[in-house]
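Each chain carries a letter (A, B, C and D) given by its place in the written order, and its residues are counted from 1.
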Amino acid sequence: MTRVAFLGLGAIGRPMAKHLAPPRSTLTVWNRTSAKANAFAAETGAAAAATPRQAVQAADIVITCLPSSREVEEVIGGADGLLAGMRRGTVLVDCTSGDPATSRRVAATLADAGVAFLDAPVSGGVSGAERAALTVMIGGDATVLERVRPVLSAFGSTIVHCGPVGSGDALKSVNNAMLAVHLWSLAEGLAALAKAGVSPRLALDVINASSGRSNSSQNLFPERVLSRAFPRTFRLALLDKDLGIAAGVAREQKVASPMLQLASELFRAAHTELGEDADHVEVVKIIERWAQVEIA
Amino acid sequence: MTRVAFLGLGAIGRPMAKHLAPPRSTLTVWNRTSAKANAFAAETGAAAAATPRQAVQAADIVITCLPSSREVEEVIGGADGLLAGMRRGTVLVDCTSGDPATSRRVAATLADAGVAFLDAPVSGGVSGAERAALTVMIGGDATVLERVRPVLSAFGSTIVHCGPVGSGDALKSVNNAMLAVHLWSLAEGLAALAKAGVSPRLALDVINASSGRSNSSQNLFPERVLSRAFPRTFRLALLDKDLGIAAGVAREQKVASPMLQLASELFRAAHTELGEDADHVEVVKIIERWAQVEIA
Amino acid sequence: MTRVAFLGLGAIGRPMAKHLAPPRSTLTVWNRTSAKANAFAAETGAAAAATPRQAVQAADIVITCLPSSREVEEVIGGADGLLAGMRRGTVLVDCTSGDPATSRRVAATLADAGVAFLDAPVSGGVSGAERAALTVMIGGDATVLERVRPVLSAFGSTIVHCGPVGSGDALKSVNNAMLAVHLWSLAEGLAALAKAGVSPRLALDVINASSGRSNSSQNLFPERVLSRAFPRTFRLALLDKDLGIAAGVAREQKVASPMLQLASELFRAAHTELGEDADHVEVVKIIERWAQVEIA
Amino acid sequence: MTRVAFLGLGAIGRPMAKHLAPPRSTLTVWNRTSAKANAFAAETGAAAAATPRQAVQAADIVITCLPSSREVEEVIGGADGLLAGMRRGTVLVDCTSGDPATSRRVAATLADAGVAFLDAPVSGGVSGAERAALTVMIGGDATVLERVRPVLSAFGSTIVHCGPVGSGDALKSVNNAMLAVHLWSLAEGLAALAKAGVSPRLALDVINASSGRSNSSQNLFPERVLSRAFPRTFRLALLDKDLGIAAGVAREQKVASPMLQLASELFRAAHTELGEDADHVEVVKIIERWAQVEIA
């Protein structure tokens, strides 16, 4: 049975890891807050490790699912880090929505230790993770991917090889950048219509039957903005980070990208104004505040 | 039988007018290029008028479908204009993608002559017009709308009352502004990915299964950009105009709208660079030129 | 002796009017808050009128100096308005920082009554007004300007004919738009340097000896930002309005102007956040808040 | 006598090096195109070295003045590079307009070899270099600066310690970013005025007496744009690079900076359109092309 180590039992990581629990694999988990790891172990039959190093010592494949590439670098290094524990031949699959430059640096470091690296961010949200219906975007060696594909298929229904290391990160970030641009621009448009006397609900109905529709207009605004529900499912801080990554890819590739860069700056400002706990859809509240109108 | 005058037999107007041809209504058409009107009349049993004034003299309802509000004002005024021909009690339904300020001015002028005005831009494209499946966005008096609804239902499957005069224009412009923002930002993102080694086709597949999807990613890019087909179905000049209208609504309503305003300026520059005949999707070529890569 | 009516005794208007007081001219003043007009009259020997109409009945030249073109239109119309009082042959010189479109509309209305109109916004601030050292930017008929030049030279040391009606407004707005762009971009740059460990004062010294210098870096930042003085000399609300006018001129002239439009949206947002009383330099506080640093 | 090595005899470097020629110092020069170094040596009494390594073997202080940090890293590494030649205790003063991140990396590498590093970009242009009137912005250890100050004062009239390594680069980049923003925004404003019938020359005269003035309005536009001279003194490619550095500093410091980022993207696009040889002021031609007007 494949021996899997899973690090990071957050909102997405936990349901992903659950699909890998015994008898599917021999699973060891680690989480910064160890109570979470212990509870998970008690519930699923997985083992809980005290440190990243201990978690990976017997692993064939290591999966990380952390807030950002910074945390990935943190769990790799140090006396209790992954690098101190992984044997040659292990594969590290990083499901973090990471940044390509860090992923490339990490991959180079790991290669020196005989460990292969794949960046493998996922999309599909908590519900996709629970239903084992995630899309997994892979950057790295295609033959390494084939070795770990059976493990990834435990939680991913679509596993896509995107290109060299960092490609998965890049694609994930661009998808999320589109989400961010759609959210912000739609809020501007609906705020203007609301002040001009057009009902946002009616406007969304028309747009959703027309050429201006997007996932944001079809799902997020009706369910979360019109209802004033603003559930906290995906932190603004993380979308701001993803948008920053996409904007960075565009600059690194010398692509003139005024829309992405502007969106990135606006989200940065909104993130500062709304704080670390705000949900990504709450950026709408900043546009509403500036416009002095509610989209409802 | 209702007597209808239809002015403007362009790409959208012609199939709309066809649904109103005898025996459905007593139809008189006018077009700036009179040969088009004569050919239409010969084909459909409608009458062709030599001037706007003649077209509307016996009409209960007058429908205009012109490139912009400027042309609407032009056909209204003057010795041969609509105003010289319309009787009190006539309703003017303007299916032009117009601007709210001009529509309000026109409505005020017509009101003095006892003529009611509705702005009524449509969405659904040539194919929607042919299948009588257009969405019609109405601004103006709701009771006037009820009087003309049977006529509009000849080409419109969804007829929505949006609010006071100008509301239909405002909503149409915001929908098209979203289209414009989606096109431009997606081109930036895909250009960056292409240069980073990620296939645009693969990227679109992933985005279309994820939170960044839009009508542009699902339809326009696969069919028109990846294929390099760039069919000329909707002129960039018109989308630039619509985006400018949406940006103007936002400013008039004092909505801080950096994304809409930036998009408007970028489309203005692209319009100048690509000329009057370019299709709206061809803006992608400007982003490609600046990025020195092809999204294919 | 020339008979002058002066309407609008604000921060700039009051010292301007003072240069026209007897014995220089026969002066009648009007102000929305009549106490100000009465105090001015008592101090200077001018007459105070109860209404705009009364103020201008015996005037050869009427000077308006109001917050915006909206107030100019308000004092012109109505039973007690300027138009009800001015005789044919009067010249209206509007020193408001107005918008060209309204000025053209006003000029057309006045022309029907035999009154000539010049837009004549001024620069130089309160101190320039006190020292009779204003620059006056004139739009309108050059021969009309020559008739009133002796009067304008009472407060203006540089009187420039810019072009047709609205040209003075356009030029004034572009000057102020540059001021706005310089303020905002310098605050961004200095906030970044401050966080990177470079003293803003030292940075300003270097910039002021180099190619990046501007009136903002040479005067406003050292005197008002580094000192945290932020004196209230020119309201942000007015600079926001001026920037909006410049952005409107650029759009009306079909000039792709992403920088001006973005600046206009940022100032709009800052104006909403800071309120009606804030000074224009206080926009720096918004950039500081978003950056979480003080430029000091 | 101090032994100085000078690498990079470009437009600025050459006149700088000249001030260090014998008898002022014992000077060895190196240039990628060796003919330039040989000619310089013949003219000044300096020695010309065949490689960076040879140039620095006997040097107390090494000065680099190259197009960008990339070239600095290139001359440092390799068998013939600086690092292979410099003795412990040497100081490397990099007068390149570099980027802070690279400078910090270079400084760390050199520190391991016992070589101190100062980033020391200059402003003042060719004429400032010729007149020994440059401003030198220093990042790095202040005590190291004091050791080399006598050498730097050969070409620099103002030598400013800005902060830790990278501070000089950061400040230089922000100064140049201001220049870039001023150029672009002024071109937008003057293009709008020109189309509105206001003479750009007259507009500049007024702005230069008012609050919107900048080095660009006072010097660059009158001398280079109105005259259509567009002399090639400072390449657009380099200003684009500098603006990108400033934008990068702002992002690294988490400063929401929509104006700097937008300017950076516009310059990137203009750089692509105008090519590698264009002068920085030629960006005005892009704004003119988009506006279809000449600022003259």
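To be clear about the criterion, a residue touches a chain if its C-beta (ideal position, glycine included) is under 8 Å from a C-beta of that chain, and two chains touch if they have at least 3 such contacts.
From a predicted model like this one, the values you see are computed outputs, not experimental measurements.
Of all chains, C has its CA centroid at the greatest distance from the CA centroid of chain A.
The interface holding more C-beta pairs in contact, when B-C is weighed against C-D, is C-D. As a whole-number value, the distance joining the C-alpha centres of chain C and chain D reads 39 Å. Per-chain Cα centroids separate chain B from chain D by 51 Å. Listed for chain C are residues 254, 256-258, 262, 266, 268-269, 272, 290-292, each touching two or more other chains. The touching residues of chain A, counted against chain B in their complex, run 100, 123-125, 135, 137, 158, 160, 162-164, 166-167, 170-171, 174-179, 181-182, 184-186, 188-193, 195-199, 202-203, 205-207, 209-215, 217, 246, 249-250, 252-260, 262-263, 266, 287, 290-293. Interface of chain A with chain C (complex): residues 258, 262, 268-269, 272-273, 289-292. Put simply, chain D touches chain A in their complex at residues 244, 251, 254, 256-258, 261-262, 264-266, 268-269, 272.
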